[in-house]
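Scrolling down, you'll hit the structures one after another.
Shared between the two complexes below is subunit A, which pairs with subunit B and subunit C, respectively.
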Partner chain A sequence: MNTTPSIPHPARQIGRILRRFGTLIGFFAIVLFFWSQRPDTFMTVRNWLNITQQISILGVVAFTMTVVMVMGDYDLSVGAMASLGGIAAALLFQQEMPVLTGIAVALLIGVAGGLLNGVLVSLVGITPFVATLGMLTVFSGVAFFISEGETIFGRAIPEQFSDFARGGIPLGTIGEQAVLLPNLTIVALLVLLAVWVLLEQTTFGRRLYAIGGNKEAARLGGVRLRLLRLIAFAVTGVGAAVAGLMLVSRLASANPTQGDGLMLDAIAAVFLGMTMSEEGEPHVLGTLVGVLILGVLRNGLTQLAIDSYVQQILTGAIIILAVTLSRLIRRAS
Partner chain B sequence: MMSSTNTPLFEVLGATKEFGATLALEDASLTLRAGEVHALMGENGAGKSTLIKVMAGVTHADAVAYRMDGRPVHIGGAADAFRLGLRFIHQELNIVPQLSVAENMHMGQRYPRRLGMFVHWGELYRRSQQVLDTLGVGYISPRAIIARLSAGDQMLAKIASAFMPDAGDASRPARVYVLDEPTAALTGEEAERLFGVIQALTAQGCAVLYVSHRMDEIFRIAQRVTVMRDGRVVSESLIADTTPDVLIHDMTGRTLETLYPPRQSAISPEPLLSVEGLVTTKIRAVSFTLARGEIMGVAGLSASGRTELLRALMGADRKLSGRVALRGKVVNWISPRRSWDRGLAYVPEERRSQGLVLSRSIEDNAVLPHLDAFSRGRVFVNRRRERRETESLALATRLKARHPSQVVRELSGGNQQKVVFARALAGRPDVLLLDEPTRGIDVSAKHDIYQLIRQKSADGCGVLLVSSDLPELIGLCDRILVMRAGRAHAVVSAANLTQADLLRLCYGEKIS
Partner chain C sequence: MSRRKFQGFISVVFIVAALLSFGAAGIVAQDDITVAVVTPYLAQPGTQFMVEAFQAAGEANGWTVNVIDTAGDVAAAVSRLEDVAAQGVDAIVINVDPAQVSVGLEAAAAAGIPVFGMDAGADANLVTNVTSNGYAMAAETATYVTDRLNGVGRIVMFTFDPYPPVQKRGIIADAIFANSPDIEIIDRVTPDVTDGGIADSRARMEAILAANPEAGSISAVWAAWDQPALGALQAIEAAGREGEGIVIVGIDANPQALDAIAAGNGFEASVAQDFTGIGGTVADAVARHLAGEIIGQGVIYVPTVLVTAANVAEFISE
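== the complex of A and B ==
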């Protein structure tokens, strides 16, 4: 019956490799390109540690975004949530509250905002696109309202907090200077590990993938759809708040829009990662490759002194190219 | 219906097709006669679909010849097949759900127009109605949105579209209809209507090629039957000269003692599941008791509430009132999660949309309802235990797959159904709720599933089996609950029950 024409073995093997690792190969191609263009500055330990720090904040948002995207949902409010979480913590710092209080409140706001998204999506039944788009506006409005539109910076941000982003674990020395594994990179790695364990090693993650594959079959198969969706949105909310805190620490300032740009990049990273999965499912390691591609492009193009607007155009074009290629390869095989 | 014009209308001669190293078709020939329903049988993978695709001009055979009215003709593509008057109706309907019946019937054709550019809606509906009337299904409104029709009426509307006179060209009327498992998704009632249409077709001198796994249908409507196995035609005979046993032997190459394994264990008197006055939005005051080891069939026409009864017991639909007791204990909160945990297992009606996560592996699907049981501390998945369980289930269900990690989408229909079945068995259930567990799968797979059902019943499982295959109900069940209009119409013993009696019960009559 369903006899598909059998392709000779090696060709099929190559097709399979291209399907799974094409995006990774693309990433290495980009790296090689920048290496050849800037042999002295690009392929250095210092630059790579720098890249990991640059992408750490996007990484945290994208890794946790993967959790809802595994279910076939989206969260468009993560950028606004990052802004809101950051500004809320900064306002508390301004009131000379302890650093830990500020962090705790920001994380709580992340959980609450995520749960609110979850309630709208899973209990009320609004599509994630509309629900989280609405909440994006709400979070953004709240961020402006509580900060009165002001940027909080300077002495308002405790040194203890902003030093965190500058610090790191010493790895050794190159020449005169100490080389640090940045704290922000460590945070991103911890979040990556946590999300990987959650999605790939727990029953929770297994059920999320089932929901993403077939909601009705998952429900009839005993998956508590509503509860799980709720929790997944909360995870994404916390991730956004963590990213917001990282931003405040890195910039030593907070304003009500500073996290807004994270949302589109995070979704783009997850999509890039999805091109690496045979069934088109999001996987957090795929997302990592997506984040690396975006980070390396930004770093490399900046080193080539390409205008930042042109960088945007190139980045967008490369994302579309990657997804198109993966689709074409899939169709061909 | 043996027409006097019993001459060959369309012939496929010596079709051979190689896919890589496998011969999908080997010198397969088929002769369709005017006014005749010709059944094509064979297990999944026997080459039926390939042969049909070759006829349709979709797949190019390595060698083949065709004759129409005794004269050689050429089919190089789908357009040639259409021009010759061949029409194909597949299992999965190509409909546009949001459009009306009339628009779906005119798919691929020119709409009637006004002033050369505006659709002449009145004319469109009138033409469609005319065709529907000719086929005796005039109750289907051409204006209805096709998605709102039942699966059966959608099928009938689609068949009717094959009758649309091609705009302004009456020289290519449809002459040969190929129906590929048309009743797989139909209820008994809807199938009856389809048979009426098929009769109308042959009365007009058309030839019908009818692919089905269902023996009772073949013996009712076909005059001739061809059996394929491993890409070859193994037998062609007049229905009058053959029996189901012979056909099963031809299809499988072995003799199945009986398709329905006989009961070998006694039913315990202990009530396992008792239901009193169960009400949902779809069923009204249903009461019955299922004993340990008992197989109870659930029969009924479409929308009789048979599927909904299982859904209510599983918690897929909300229970409004009534009392459900399991192992003597009343259960109050019913949800799919709780039902699985309580030892109920469910094989839903539609394996693809309700039973399986096609994008995931066999093992992921098999353990999904029982993840906690196979986990470390209910939190972390335990792949070793999952793998071991899946392998033993695959063995028990005779699942054919490369590896437990193979994605379910890649499996054949019969093997997909076995995964749904394996999933139900994984939790060592007490009650099996089975909705059409053998729909659209071949004889060998059916036989495997029947044996599993028997075996579980011998282990003390209670089984509720919903089916529109009446021989299956009679052959396998101890008692049969007949649903009608959401109510339990009758409960009868399956011993000595005839198909005719069961059908009469389904239509609301009482038998003594």
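== the complex of A and C ==
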């Protein structure tokens, strides 16, 4: 891939920049467009903090999804796991258990569910698509079973827990209102940092990329394929559970389906991010751009009062366009 | 095409496509009154009627009505409430439980935007909520049964106290039946609703029929919503006891119940919410508030209609 000639060729360099950063440039174009259309309300500190809060939950799922997608695997069960983790915590809250107990149990369920996916994929050898699709149904069924299909809300959710999603670190005041860096945004940033360190700065991460590059070669090269895949799925599972807890806090309620929509958006965000990598590999910072594109599109299109069904069509079309183009580029090269 | 030309071309196409897709946005007027309607439930027929009536009334007032459906996703409804609050619309209408979107309602309050409930539930963050009166609906069908039996008979009740809007219906029916000394409640059943409410209600009714084998030992079935009434009807028909004149009533007037009422084999009455009226009343409340009127009622009730064989045809044709 490194075909840069010794004498820099300006056109080639521009091509390279565009190839690498085309999606990012597209993102900025979208931002500029919304800014020009809604100059007073879109490009404000408050709206951007608002967007970061709205994408924080999807971000956590997508960042941790990146970990399994680095190996070329998928986890289709993340949405159901988010629902399950959230409702499990809410049920414990309803039993007047301490908030920390509820959080700990939800996280444990995330780890256990992720390990179960890992066992099916890595030890039993079922393809990730089938294994995690099956577990999606199982997690969803368990969520319905333990909650009897009901929504848990009101006093059952401790204020201490639901206030978390309303709070944040004060940044100052604009006009008469305080501006906060939302707690949910902070959680998402911490998860982003953790996944970035894990994938980009550790031997573990490099081995995952080696598996993604060529499983057989990685195995022959001494990579403990099975163990690494197990751990990677556990990370994705716990990320989904964290997202489920964030949802319960944001909605001050839990129901057995509320995280289900996260899975497809998370995979879409990772794919959008992959268009920014020369090798077409997932990188968590690329995933961040993918999540931002989805979040900004929804915020901006809503502010422009575009019909919600047209919004869906546009969002889907933009995802397909970006990923198709990136694939064509790689085929051409 | 060379690789780099191709790459440059691709990037340009992406940007242009992104911009072109939004071309339509330019035509949205910014100066007039804009009202956002946020709901996760637009796929429900009742919500559709309410939203359409609201749109019609709003457009007649010259408003721009922006309907946002999040397709069942309540978290997305919170985000969209924050978006329209940032956008600075003139008013917001919600059709979702206010307790679940309180973060979004706070965003609207911080931006000074009034929020109205459209069959949403009462909440301090709403200017008002327009809905149907659950107490009144239950009173309609319970008095219907009492009158049909001339105050004498044995009644099976299907209720569901865990769900507050349905629990309200049950206690009203309890009070009305208790006021007739010759009415006896032979069972007050809480069916399992995880299967939709019909199947388990049918099974429970079959057991009650078996326990009361004599013709005339059951006079009526009062159900707090339509599904148990439909289950009871099936049980009565399966037991071959439809000739005993057991009176069955439900609430909600769902399409299956309307068909059963029209068929005239025991299911005699249900109550229809006036969804079109709710939508229009919300528009009226928004207009009054924007005109500076202070709306004192936290909840505004729109009258419901008792549906019987006499008027069922007009509901089926809708």
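For this structure, a couple of remarks:
Here, the second predicted complex is superposed on the first by the 319 of 333 C-alpha atoms of A that agree within 3 Å, B and C clash if a C-alpha of one lies under 4 Å from a C-alpha of the other, contacts with A are read in each partner's own complex, and residues count from 1 in each chain.
By definition in this document, a contact is a pair of C-beta atoms (placed from the backbone, for glycine too) under 8 Å apart; a residue touches a chain by one contact, two chains touch by 3 or more.
Source: prediction; values computed, not measured.
For the composite obtained by superposing both complexes on subunit A, the positions of subunit B and subunit C are free of clash and fit together.
Using the contact criterion defined above for the overlaid structures, shared-chain residue A:Gly154 touches subunit C, although it does not reach subunit B.
In the superposed pair of complexes, A:Ser308 makes contact with subunit C only, with no contact to subunit B. In the superposed model, A:Arg206 lies in contact with subunit B only, and not with subunit C. Taking the C-alpha centre of subunit A as the apex, the lines running to the C-alpha centres of subunit B and subunit C meet at 140 degrees, rounded to a multiple of 10.
Of the two partner chains, neither subunit B nor subunit C is touched by A:Arg226.
In the superposition on chain A, contact of A:Asn214 is made with subunit B only, not with subunit C. When both complexes are overlaid on chain A, the residue A:Asn50 reaches subunit C alone and has no touch with subunit B. Set side by side, subunit B and subunit C differ in how many residues of subunit A they touch, and the one touching more is C. In the superposition on chain A, A:Ala322 makes contact with subunit C only, while subunit B stays out of contact range. Our summary of the superposed model lists a minimum C-alpha distance of 13 Å between subunit B and subunit C.
Touching subunit C in their complex are the following residues of subunit A: 11-12, 14-16, 18-19, 22-23, 25-26, 29-30, 33, 37-38, 40-42, 44, 46-47, 50, 53-54, 57, 148-151, 153-154, 165-166, 177, 247, 250-253, 255, 257-258, 261, 298-299, 301-310, 314, 317-318, 321-322, 325, 328-329, 332-333. Residues 1, 3-8, 10-11, 13-15, 17-19, 21-22, 24-26, 28, 34, 36, 64, 66-76, 78-80, 82-84, 86-88, 97, 99-103, 106-107, 110, 162, 194 of subunit C are the ones that touch subunit A when the two sit in their complex.
Of all residues in subunit A, only 1-6, 201-204, 206-207, 209-210, 212-214, 216-224, 278-281 touch subunit B in the complex they form. Across the interface of their complex, subunit A is touched by residues 19-22, 24, 44-50, 314, 316, 335-337, 339-341, 346, 348, 353-360, 364, 368-369, 371-372, 375, 378-381, 407, 409, 412, 423 of subunit B.
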